[in-house]
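Have a look at the structure below, then the notes.
Chain nomenclature is as follows: A, B, C and D, assigned in order of appearance, with residue numbering initiated at 1 for each chain independently.
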């Protein structure tokens, strides 16, 4: 039943802010639950941080003593609360292995990861959007099927396959890029991009297919809508209709997926960071896991989850602001 | 309708001859429109009635040329003398919206939900008439006023989702009207609307057609909608026209057995309680492999050998400008038809 | 006209109207000519009818023939068959790995990094420890496939039921299930796997657990979305109207409609799982040595990239083809069985 | 007479009624507020008659139909079927009731489970009562025969292999199989083409006589309702506007809304296509229906009284009942 409902602007605004508030509340709850889960997982771990710090020769008494000092003998829930209390003040603890504050470590590593993730996202969108638009213009044509085949190929190249293969062909054989290493952005943007290009490309490829398909499918659906036919019947050119009528309503799912991908990429560049020796978050967590540095792992996972959830919530809300259909539905 | 054409003093605005529209599918070629000839004189309204699958909507799109590339058309569609079938798309785009406008069945789907009314209403004028943004806006307000949308200034800033179905269809009509077209094609313009709103929209179309001197092609499955609002009518069945003529004549003296049956199967508000409706038994023939000869023959009670001979043979009812393709036409006095002159209630 | 012989009233006794028909062969008349007045005749019912030109006789007679349109041919999906063939081959080799006449995957049989030669075991060369690459490739397939399939199937089962329950029963159950799903999704997937396998020590079971947990949310989401879609249809209301209980309706009426869409997602998810397992092995957190795995083979080979790229390229191609084949099968399955794609 | 509703003057003596609904209210909570879908309607159905319910979208006719079968929410009111209080019935009573009250839906294909063959669909209801497979097969043959479907030809078809008319026959057969007393047809012929619609209407008429059914026929097509009903109820925005024998109601409507509806029906029988003037304005939102008489915002005869006082149902000199302060036919 579709009908016009006149709601006062004040009420609409109130409903809107209620909606925004409830989304953020939910996001906060999800992050809380993630941290609890991390603490629980870590408590399952055989052998405690104390044992790691004291080394293999430590006596059980010494370990127990240190555990008590660190508060690790308390129930998990209590540990979680105390960690949480610190975390809200920005204190994610100090690594017992490197003696670095976890928040400082994250701050140092984050720019690298964000750069790779954003670069990869831009690369994949730059490939996916034209491919999707070209394919959608002529559904089921040879071009459409060819593009679909191409993205299927890209979809089948995971980062751990792409990294060594690209390095072999583009760095070792063609010598276009450095094999490994990282030049920070402060030392020159060009040099920085030179080192960032291959790692970003390796994670970008697998995203292209997802983006291309979702936009292609949505464009295909939109182009079959009556309003597209109506716009054509007004004499608007096919190109005009594609960009001015069909593209915007078709881009909402892409936007959502891209937002989620960015969140996922920030926690998912572990492979390329390890392969190309990039000083990013992924490497931090990989090393921390290897050395059983539970405090660091906990901090990074909580941080990445928070970033992911906040990004998702923002995308969700952005959706509402961009799509008048959603906006009216909520504001009613 | 070539015979009728010859009788016209001036050439009709729209003249369709032997139009075929075939749609290739994996299961075979769908003969959606199969040899249709109709014409629409200037300033008149032509109704096309038929049930689903009769090809009436495909006919509308075939006239416009709004079809997927794989669809094949043959025959001719002459609009003001020019054969639209042979024109390149670029040229047609100059015609669409400017000289031929179209409105659709469901106004909630034929307006872009994420584009404000203003742009949807002005983009055609900006393209075809080359008017400035502010000029287009002024015209848009005037148009909305004309089609009876209250508070037009504010409406321009609305998205379609913020309006009722009836209002949306009024906006669609304003869009169609914006460049003063010669021909308006309305494809089931009121099917998605409630009956009181349908009435408003039909009245509006009628008024605008008269004040703007437009020709109207009104497509509907509802005999009543077409009956009151058109000068001529063509009845379609399974991709073909089976009967055509002056609307009054066709409804008063249906000749083709299909038309007759269709009229009799329509429940009317004048029927007595529990009156048994005349039914058309069976279902539509396959659009891919239709029967030879009269396509209605398999469901018809009055058939002979002649009905299955290939092709349609046309007969004219003299004095009525009324054509039909039935070998065994309904007698003029048949069934309930003569009683249909009675008004709904005594007032 | 089911009413029988007495329907139109006049129908039975009405004279045949064929008499007045012109004797002129219909199609012969020029398109706009009328039959002369002499051919007119009075029809019994009182109408005057005359035959006019036949605008529509088939064939070339009326001037415009119906267009000749070739029907669309059903495209044969060559890629799909190749994909199915490849998967069959991989599954067969993996299943038969123990009985194939192959060298032990963990024992050196020659010089490290020996080039490929004619012998079966050395057909793809030897790795950096002198072990048969072919043997490791085939045994590695076993682990990857088994983990991917098992985790996929378990997650499908759990995810479908959770999604069905959330989507059909709504309310608090749904809130709880969707909250858990969101929490799981918020974990960076690889980090979650890394954490699980480092805490619980990598073994077949811990990997299986990690991978299953990883993909359950995807199935919950699709199952719930499908359930919402199907539960809103009238046949569900019709079933309630018949007096069926909610549990029966959920599992007997809704579930069978949900399952095809969920299963259609399975091949794609299995592909993703194989990638995940490969990534873990690549980072050295997969199954402990000497158990071979494709990701591990790439990881082992990366130090010899310059001189012996085949150590990487061979497992890379194997992974690529497998993922590609699974995705092709998944695409086909979705286009064929996922009703929402078609709607 | 209940004051909250629109009156119960039109109800017939208790002992004649098969179904009686008194002061039924249905309210839905939506994001935009509370929708007053049905606001205090009363009606009854006498054994063996057909009650036609007409009105435009949003008038609450379908909501009321579903409420009767307890397929939708009921906020308030009293529904009696035979001597059972439908709203108070427990699970066991409800199962018994369900087989006595059946429903036919608007979209016949959607009302059949797409994964079941016709053979199973038509006897779906018998599995509740635990009929044996043999009984079910015999019954399937019999009901399919009743609705004019050849068992051997249709038994193994799936819903998508049926035309709209055939699917509606299957739905009717399924309802018949459980031996109901009351059949509620919710827009059962609206989605069908005219020729098929006539087949289904005739079928319902035949079956009504053969199986001694009582029918509630909900539709928006005034012609359809006229041909099939013994009593017609016109609804507007959740209220009863007029109710009575079809002849009186169609020929001498007392409520201006009934008049307007009739004048809006396009008909080939009248010059100009319509019998009277058009009705202005849109249907108001059910979120905030007008005070007093709900039709007053569009009524050509409305006066101040209509905004202040809700009209109760009264009998007209022509026999039918209407809820209007300024009727077209004087009250008896």
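Methods note: contacts are C-beta pairs under 8 Å (C-beta built on N, C-alpha and C of every residue); 3 or more make two chains touch, one makes a residue touch a chain.
Everything numeric here is computed off the predicted structure, so don't read it as measured data.
Enquirer: Hey, which chain is the most central one here, using CA centres?
Expert: So the chain sitting closest to the middle is C.
Enquirer: Can you check which chain pair, C-D or B-D, has more C-beta pairs in contact?
Expert: Higher C-beta contact count between the two pairs: B-D.
Enquirer: Centre-to-centre on C-alpha atoms, which chain is most distant from chain B?
Expert: It is A.
Enquirer: Chain C to chain D: how many Å between their CA centres?
Expert: Between these chains, centre-to-centre, one finds 43 Å.
Enquirer: Just how far, in Å, is the C-alpha centre of chain B from the one of chain A?
Expert: 53
Enquirer: Suppose each chain is reduced to the average of its Cα coordinates; what separation in Å results between chain B and chain D?
Expert: About 32 Å separates the centre of chain B from that of chain D.
Enquirer: Any chance you could list the residues of chain D touching two or more other chains?
Expert: Each of 57, 199, 202, 282-283 in chain D touches at least two other chains.
Enquirer: Which parts of chain A, given as residue numbers and ranges, touch two or more other chains?
Expert: In chain A, the residues touching two or more other chains are 3-4.
Enquirer: Can you list the chain C residues in contact with two or more other chains?
Expert: Correct list: 2-3.
Enquirer: Would you pull the chain A residues touching chain B in the complex into a rising list?
Expert: So the residues of chain A touching chain B come out as 2-4, 138, 225-238, 244-245, 248-249, 323-325, 328.
Enquirer: Can you list the residues on chain B that touch chain D in the complex?
Expert: Contact set of chain B toward chain D: 51-52, 164, 166-167, 194-200, 202-203, 221-225, 227-229, 251, 261-263, 265-271, 273-281, 283, 340-347.
Enquirer: In the complex formed with chain A, which residues of chain C make contact?
Expert: These residues of chain C touch chain A: 79, 179, 182-183, 185-192, 194-196, 198-201, 271, 275, 278-279, 282-283, 285, 295, 298-299, 301-302, 305-306, 309, 312-313, 316, 319-321, 323-324, 327-328, 331.
Enquirer: Which chain B residues qualify as touching chain A in the complex?
Expert: For this pair, the touching residues of chain B are 64, 66, 69, 89, 93-98, 101-106, 108-115, 120, 123-124, 127-128, 159, 161-165, 167, 172, 175.
Enquirer: Can you list the residues on chain C that touch chain D in the complex?
Expert: The touching residues are 2-3, 233-235, 237-244, 253, 256-257, 339.
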